[in-house]
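Working notes, structure below.
Note that the chains are named A, B, C and D in the order they appear, and that numbering of residues resets to 1 at the start of each chain.
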Amino acid sequence: MFILVNLKAYDCNPVSVAETAARVADDTGARIAVAPQAARLGAVAETGVETWAQHVSPVDHGSHTGSTHTAAVEGAGAVGTLLNHSENRLKLADIDASLDAADAASLETVVCANNPDQIAAATALAPDAVAVEPPALIGGDESVATADPEIVRDAVDAAAAVDDGVEVFCGAGIATGEDVAAARDLGADGVLLASGVALADDPEAVLRDLVDPL
Amino acid sequence: MFILVNLKAYDCNPVSVAETAARVADDTGARIAVAPQAARLGAVAETGVETWAQHVSPVDHGSHTGSTHTAAVEGAGAVGTLLNHSENRLKLADIDASLDAADAASLETVVCANNPDQIAAATALAPDAVAVEPPALIGGDESVATADPEIVRDAVDAAAAVDDGVEVFCGAGIATGEDVAAARDLGADGVLLASGVALADDPEAVLRDLVDPL
Amino acid sequence: MFILVNLKAYDCNPVSVAETAARVADDTGARIAVAPQAARLGAVAETGVETWAQHVSPVDHGSHTGSTHTAAVEGAGAVGTLLNHSENRLKLADIDASLDAADAASLETVVCANNPDQIAAATALAPDAVAVEPPALIGGDESVATADPEIVRDAVDAAAAVDDGVEVFCGAGIATGEDVAAARDLGADGVLLASGVALADDPEAVLRDLVDPL
Amino acid sequence: MFILVNLKAYDCNPVSVAETAARVADDTGARIAVAPQAARLGAVAETGVETWAQHVSPVDHGSHTGSTHTAAVEGAGAVGTLLNHSENRLKLADIDASLDAADAASLETVVCANNPDQIAAATALAPDAVAVEPPALIGGDESVATADPEIVRDAVDAAAAVDDGVEVFCGAGIATGEDVAAARDLGADGVLLASGVALADDPEAVLRDLVDPL
């Protein structure tokens, strides 16, 4: 199971969260990555933690002011990127072009989507993984362990029907190790977290609990 | 005169350009800043050059995946930001909100626009400066020194009619020191450059020529 | 005072609302216009009511699939258009280009914005009118007659400081004739309404109350 | 074979083109539809021609100023809609939501895309049809009859691999009856045309030639 911590634009210290994540990953052998703001990718990568971008632009080198070019992201130390997060929905054609740009910089890719049809569509674009963000779980208190299990299972099935080489992550409803285990049992290969780690009073305790069942 | 070098998503070494700009600024006393991709702000700022962002998002701290939050940009060492560049046009309401976000992080601001009416509109939002990008000069070989001088002068007048405390930069048509002098004589307080420096065979020679008339 | 009724994408009969508005305007001499969905402009214009578009695209004739071209809007019988409504915010450059496109089709224009700075910016683009939509009044129960009067007065002053030939409308907080009178007393030249008329049990009674103080 | 004529924002008389298309369809039994600007849907539908929208918004009834709501489009007489045309690319999530909105108004749907991966993604969202717009054919003089036939065949195969109940149209490179026949032979169920009909000196002659092989 892959644990990806999205720092969004939270009021947190990205380097401190990254150091904690690196320590827990080292201690436990779990795969934990941190996705900070683009501007802090370099500082996060220097901690040694696996570093991901939150987004990359669908562009090649050239005149693209204000873009997030994959070569710059890779140059700062990132090895992967989220795409089409629910807070940053992209045009279908731009997801496709961003995947090409990510490939050119050897970045791993996770495309988010929020129902089985969109998961199937995202899978057809051949990212490394897709992440299902069931609307009922986003930003709520409900967890994937207690919610209707069909929500994640249908996404896993929808992706597999198109291309079973694309992994499926659970992109919402994860707060505890029990949730990680539930996501794994539903067929997920990874989980996305955000404020549950980034804004926790004790991020290390949360991370250790998350990886405990692995 | 302020010289701002926009590295866009060019295939160049941002640290090398930044070191060169820092050296020329130190040697000559000219004010030269470099605006790299957000992901490379930290690396560029470490060279000691004045560092600017190419764009910031109109958001506060919070759930904004893939945004370019001003606190992250400031944390990476940037002291200013472009907004509404011709390659990254923004909603009017978002320019306003991005200016507020830049203020919160004490970033200087330059809002781009491409004709006197839009320059007046941008000035009404009270940035530190506006930059006029006359379409006839963008990406072309024509220089502001030889083009119709009314193009820049009308922008200077339009800004002054709304708020004479807002500086006006010339955002296109600058390649040589002669152009910088022409822009200054037309009332500009700064200039924006991009490929003319970033992709030059000898960026140092270009920069020294640019600041020569100052 | 100009009364503009925005039908948005409401579940209402646009022709019925238009017939009512035409009758009240005829009976009272008040200026009342109706802005339906683009697809229903022709049917609304056939009632004889003054017909406005909710939006037009910043394009000239050409290859613009899915655009709302001003010539098509004018061909359907519209004589004016809203722009940059809070539900349809536009890029600064696109507001400017949409105003040019509206001019080419002889459409009147009202550019919306939500604070005095943005009102000043919109005024600098020289529309026929601007409409201030104070966030505190949008979609709420508070009326402009009882809210802090500075909200509208500051917008009137901001517009006048840039160009006193541009009219100012009050774009929110209007439900009754008392509100229309309050907006007029604060310096507004018109008002925008939406659900208060479109979804009323008795639109005719609402409209007659609105125009009563005029 | 379905022939869909997209009038974009062309400087043409939509009613005249519609009358011509209706006449040719009646005379020949061919299925020909016309997609005008939203504002002219009513006038086009009155000619009796099969009428399509160029785009619809991913929204339900409600506060959506400037949207193109499917109920308004259907109320004006349209029976189908294009989505995600190359001139109006949509977010993946919005294509999905627009398809739901189109379903609610019983509109047929054609989702455009420009390569086999995106065609597969669009097919996964279960529209009635997808239309492949090979970039090499868009706006050029090359025809699908003479271009590399793999371009269309790969799209047909990509769609069939996901859902063979979704039809595939050829969205570019069609100018003559020979092209229509070539598209049909490559597996296409329909074709999209635009300026070749809308801006023709003699639209009737073009349409009669197009349907001649059917």
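Worth pointing out:
Heads up, the rule we're going with is that a contact is a pair of C-beta atoms (placed from the backbone, for glycine too) under 8 Å apart; a residue touches a chain by one contact, two chains touch by 3 or more.
This is a predicted model, so every value here is computed, not measured.
Number of steps on the shortest path from chain A to chain C, with steps defined by chain touch: 2. Two chain pairs, C-D and B-C, are compared here, and C-D has more C-beta pairs in contact (counted per touch definition above).
Repeating the A-D interface, with the same residue numbers in over half of the contact pairs, is the pair B-C out of B-C, A-B or C-D. One inter-chain figure worth recording: chain B and chain D are separated by 43 Å, centre to centre, where each centre is the mean of the chain's CA atoms. Rounded to whole angstrom, the centroid-to-centroid distance between chain C and chain D, based on C-alpha atoms, equals 33 Å. Chain centres here are Cα averages; for chain B and chain C they lie 36 Å apart.
Multi-chain contact residues of chain B, defined as those touching 2 or more other chains: none present. If each chain is drawn as a node and touching chains are joined, the picture is one closed loop, every chain linked to exactly two others.
In this structure, the chains touch in the following pairs: A-B, A-D, B-C, C-D.
Residue ranges of chain A in contact with chain B, taken from their complex: 6, 8-11, 14, 36-43, 53-55, 57, 59-69, 71-73, 75-76, 78, 82, 85-88, 139, 194-195.
Against chain A, in their complex, chain D makes its touches with residues 84, 89-96, 113-115, 117-118, 120-126, 158, 162.
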